[in-house]
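Shared between the two complexes below is chain A, which pairs with chain B and chain C, respectively.
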Partner chain A sequence: MGYPHKPHPKETVVLSECFGDRDARSYDGWIERGGYRALEQALGMDPQDVITEVKESGLRGRGGAGFPAGVKWGFMPKKKSKPHYLCCNADESEPGTFKDREIMRWTPHGLIEGCAITAHAIQAEITYIYIRGEFTEPITIMQQALDEAYERGVLGADAMGTGRQIDMYVHRGAGAYICGEETALMNSIEGKRGNPRIRPPFPAAVGVFGMPTTINNVETLASVPHILTRGAQWYKSLCRSNPKSTGTKLFSVCGHVTKPGNYEVEMGFPMGELIHELAGGMRPGRTLKAVIPGGSSVPLLDREESETCVLDYEGCVEAGTMLGSGGMIVFDDSADMVYQMMRIARFYAHESCAQCTQCREGTAWTVRILQKILRGEGAMTDLDLLLDVGEQMTGKTICVLSDSCAAPVGSAIKKFRGEFEAYITGARQAVAALV
Partner chain B sequence: MHETTAHERVFTGDRRARLDDVLTRYPSRQAALLPALWMVQEARGWVSDDAMAEVAELLALTPAYVKGVVTFYTMYHQHPVGRYFIQVCTTTPCNLCGAEGVVEAFLEHTGCGELGTTSPDGRFTVIEVECLGACGFATPVLINDDFVEDVIPEKVPELLGRYQ
Partner chain C sequence: MADQDLVTVTIDGIGVSVPKGTSLLEAAKQAGVLIPHYCYHPGLPVAGVCRMCLVEVEGAPKLQIGCATPVAEGQVVRVNRSPEAQRARQGVLEFLLINHPLDCPICDQAGECELQNYVFQEGQARTRYTPTFAKRFNPVEDFGPDILYVPNRCILCTRCVRFMDHVAGEEVLNVSERGDRAFIGIHPDRELDHTWSGNVVDLCPVGSLLSKDFLHKARAWELDKTPSICTGCSQGCNVNLDGRGHTVVRVRPRPNVEVNRYFMCDLGRLTYRSMNRGDRIEAPLIAKGGQLHAVDWDHALARAADAMRGASGRAVVLASPSSSNEALYLAKRLCEPFDFTGAVRAEQAGEEAPLPGVANLALRGERAPNVTGATILGYTDRFDAAVEAAAGAALVLILDESLEGVSGDTLAKAGTVVYLGTALPEVARAAGLVLPVTDVAEEDGTFVNRDRRAQRYAQAKPGPGMARPAWWVLGELLVELGRGEPFSSATEAFAELAEHESAFHGLSYARLGWGGVVLEERAQAEVTA
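Here is the complex of A and B:
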């Protein structure tokens, strides 16, 4: 569902408050809506106090891993001996996820403000906002907002008249899912192929250009100004279930629902309500079959599991999956799980950087086996082979792209094995054309 | 693929000044590589071997290194493409919402017939791409820099009419 539209009554609108409000995109519009007050406040604070406030709020990384943001910032050297960098990860490419795009399209100054506060907290002079190359509109809007922020003295060598240097640049990607992985993103900024790096060293010690670096997702950074103006206690109170998961989260819901779109709810919101009420439920005559809740990289949930799943970091783990980026792909009973898993595996095979054998070979092999099954040429042993290949792809590589392919495929075989077997036995007609 | 005529330099005048400005943003010349390649593509429509060599020289890199980077990123064209380059998302969420039909409609109405080929009039090239990051607006299509949401096969002829 595009903007503007009224939020659903069950939404808790914080980040998405100005979505659809074109006037909020300009500097003046942002100021009228209370913008840049949080930055002014932060620049008057000791960086450590900003970190403490964000730690206290419980804000966790919204890109997928859910690592506490304040703790991550705390890893940066306190005594500064070399340049520090902040990278904003706007390489949103996880299938099913389209929330950062809306943050950049509607509240570019909100993101700049969040980045500037974070840059102050970690004592970074330069921030790179790495936006995926395909996001032409967000790139244009962010660049306009940055130009305005420089003109108005928010950014630059004397940011907001405080004498502090806060520079910020858009760095455009060029088509590579893997650059959303933090160390690949840094390589990409450096003008290299986007291959992930082995950790340690971690970015806080050796990051972009070899300097201490913090990297956060767009949604994480955009949440920071709200935490500063309204306080850590307020942010913590936005919690319906586990106190370790606080604040609001933008969930992107897509696939077989009647009202796909972004919905902002408190952590701990029931997944069943999100799908059936906010996102409009299934099309007439269709029933819910499965959900991949965290972008395509996590195990899928069947109908019963998804209808009882609590949407926070802990709730998703309890249900056997992960919250990830909050990009939910919904499948109704018309979906062919074998075909869809082939399509997902093909995505990862296409996006593998090919550094690690398990990933380069494993993702492509998974596609070939699934295609063989779809053509009606599979054997029962292929299912065990797929699970075995998946196991060899898990926990053995530099980054988790390989694991991300194995997780949905493995869970689909476990939960919808009958569909795979039907192709093998011939009970289901083979797919003629494989796209 | 080598150009048959002598390479006309990309980074002269304003474009050279823009590159110099980009260089001030990074502590290394190499970091300006992705932005420089974007400038080449914007100017010439694709990135030729000669253009890669020019970029290499400007950024103190080798042509082989630049080619290694160009081939990693899918958005840099290593061959000339149609005047309008059409990228249709077909990843899982869009596939669930009928992206395959959208691809077929583009292939039919552009006259391209096949993915990756350019239409006989030189107007269009159509490719399938992985997740464009607008899954709630299936099917998203990128036509040069225009990001079009909610494309269905029936809308394709009218949409193409806007690109002459």
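Here is the complex of A and C:
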């Protein structure tokens, strides 16, 4: 549902069913809406069967990478020799993405339920819900819901009266984008600087506090109860295009559309429809120019590409981009792509953790070159330089932050080269580049 | 090695077998291929952040870092033969130079700088970084008693942070700020004053962490490096003496995995100062009419031999625990016709200061390098008793002992007093004969460390004036007394020692090499028996 808008008939509301419904936030309200039945069901199942069910559903990570959730859980040691941990990645910092926030604001118990089921499946005693520091309202709501869940015996040493121990904590981040990267998130939970770790070892072997850990995105975990109650087959059926992408996905549509907001649609939904119908299309007199479909970290699509793009993992790759977090940033023809790219690059330069050379120096260099072009002092060689620097920043670092900076900038130069050249030749008047 | 699982990989066309779990970078070293790197150091945990060691591994979708990628059977790795990996390394170098000031002409690291070396080796001739862009600037920071931090030169390899966190076990350094604003920060209320903190200067691949003691003293290419053993304590850390002309300007650790790995303590670093002292004896001195007069060696040796010839009774050797095995052995041999008592001062001169991250490595309380060697060669640590015995002895031989607390009267009561020393303490003026000897930087020799490891040290500079190594002086005395052939080198002196001292049986300078050999336990039993 496009809260605060009314749900559009073309939406498939599963996760967003209770968005805007204040009563769903309380334990009693959640029970009334059928909550915690999935958890009860899961706790009666063998953990392995829960994993199998989720594998069967085809649920894939909603944080951006799209890795099959059940497979990821399967990496956890079957024979437990150490404590296991579950981390819920609620450090939603991707520019243009605001779906996890809404899940936490309206259905905190839904997330707790999903976390508890997953904790059972991977045999984890402790779950950390790592919420970005700026999310003051979701943090308060989640904490209240968590306290309530403990009071009602959903969590704790004797979760749902089954004798299983499931503990859950809300961990507040300090507002670093990089802490949304799973290994940086683990470092942050441990009280260390939020630097991504080199892999291997992978979190399923050596994770938070050196113990086997699974990290999932809020949306992924919130989908789990629905899969258990309605079955893997039902979830699999929510698919319009490629059978490898199943279920519903929340898209945060923002930018130059008349009705920005979250829209929940089946995988494989056409991007054109989402923008022009669900999100209300462009402002009057304006036309679509470009879309960055997966937060700011992926290559952008021009008008033609975005109107034919199919919104699932494979469809986006086919269009030359990635589904990412589902934060769609829409630009109309009034957007200055050079300036927009500079703003995006500035974000990454600010958020780089400073570990890898390419990222630390490359993001800042990219910003400086773009600012130089905006000031009207650029040269044509700067464009090739930007592309080459981008290539050096891609696939060579510990995490993908530097790739995320290079991808939109590189694609903008390829698709909107004329705009960059206009600044360089003086055809377009220089602007003050410092935000 | 034989019982370990070996993995065979091909690196730049060179096949090499290494134990399972070895990193590509270490395996490449075995194959004779140096994969350029900054953050990796064999003595530190792997960080994998500089991204300089990217190599092409056949079958991998993208370049892999050599420091963190373990070898796999049959792997084909390309370092210098991969244009893609070379391009990536060029890219890293270009990125590193963005904020690096090219102040090599005034930088202490120039000449031994890994950034300089790799840029020279494979970097691009020109940067594409617009010259009008400002470089990051942060003022020089005083990190501690001997360490300066020059943030502008820093490439954030984090070796220093990892050394302090994981090896020294004192978390005083960190990476502060993010992005290209990052720098190495220090705990606001602390200093970098750990006993082992000087290692961060060695570890720094660029001129970002500098020793105040060495600041602007010499250029790296002017220095001659001589392998030596630290004389600061009984640990026996392997070191290099860096000398310029006839002056030792600094002491740096020389890797020895068995003894000190890659490290040495700050106290050891200062031992070079005593090697440059100016108050040295430069000529043999003979007492005549209550005064010491300079003479030549022939005269001095003849005089000493005369005094000893025909004498009998007790002979006492008061030796410095910094004397070489060769000198200690020959002094003992010289006393063979006498009733021999030899002693060294073996005292706990300070607190033990371990380096937590390395097993069995510490600045030892016993602040002398060769007490164990002296013990094996039959010297006791009952120094005061030996001094008492000296009073009525026919011969007292002093081997560069400080003679602190020994009164001139004691020596006056002895028959012949021969003093072999580097400097002349007031008490030693009571000796009838003063013979100038060289110090650790001026001679070849061996020490035995506390773990019974016999280790060689080499001559780094000439001795002052007519000073000669103690083994030469004592050898010549034996010749003069008709009891031996002259030695032409320390190698020969050691060969004789090895022949006569069971603990050293079968050893030679060649056998010792530069890593040393542990003397077997059985030997000591024989000696004491």
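The rule we apply is simple: the second predicted complex is superposed on the first by the 429 of 435 C-alpha atoms of A that agree within 3 Å, B and C clash if a C-alpha of one lies under 4 Å from a C-alpha of the other, contacts with A are read in each partner's own complex, and residues count from 1 in each chain.
Rule of thumb we're sticking to: a contact is a pair of C-beta atoms (placed from the backbone, for glycine too) under 8 Å apart; a residue touches a chain by one contact, two chains touch by 3 or more.
Note that the structure is predicted; figures quoted are calculated from it, not measured.
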Touching partner for A:A205 - first (chain B), second (chain C), both, neither: neither
Partner chain(s) touched by A:E361 [first = chain B, second = chain C, both, neither]: second
Touch count on chain A, higher of chain B and chain C: B
Touching partner for A:E351 - first (chain B), second (chain C), both, neither: both
Partner chain(s) touched by A:Q392 [first = chain B, second = chain C, both, neither]: second
Partner chain(s) touched by A:F331 [first = chain B, second = chain C, both, neither]: first
Contacts of A:Q340 with chain B and chain C, given as first, second, both or neither: first
Partner chain in contact with A:R172 - chain B first, chain C second, else both or neither: first
Contacts of A:V431 with chain B and chain C, given as first, second, both or neither: neither
Which superposed partner A:K372 touches (first chain B, second chain C, both, neither): second
Interface residues of chain A shared between complexes with chain B and chain C: 176, 193, 350-351, 353
Interface residues, chain B side, partner chain A - complex: 25-28, 30-35, 37-38, 59, 61, 68-69, 72-76, 87, 90-93, 95-97, 100, 103, 128-138, 142, 145-147, 149-150
Residues of chain A defined as touching chain B within the complex: 1-2, 83, 92-98, 101, 126, 132-137, 167, 169, 171-177, 188-194, 209, 252-256, 260-262, 296, 327, 329, 331, 335, 340, 343-344, 347, 350-351, 353, 435
Of chain A, residues touching chain C in the complex: 176, 178, 193, 198, 349-358, 360-365, 368-369, 372, 385, 392, 395-398
Complex interface listing, chain C residues touching chain A: 46-52, 54, 62-63, 65, 68, 87-88, 91-92, 94-96, 98-99, 128-130, 133, 155-156, 158, 174-175, 177-182
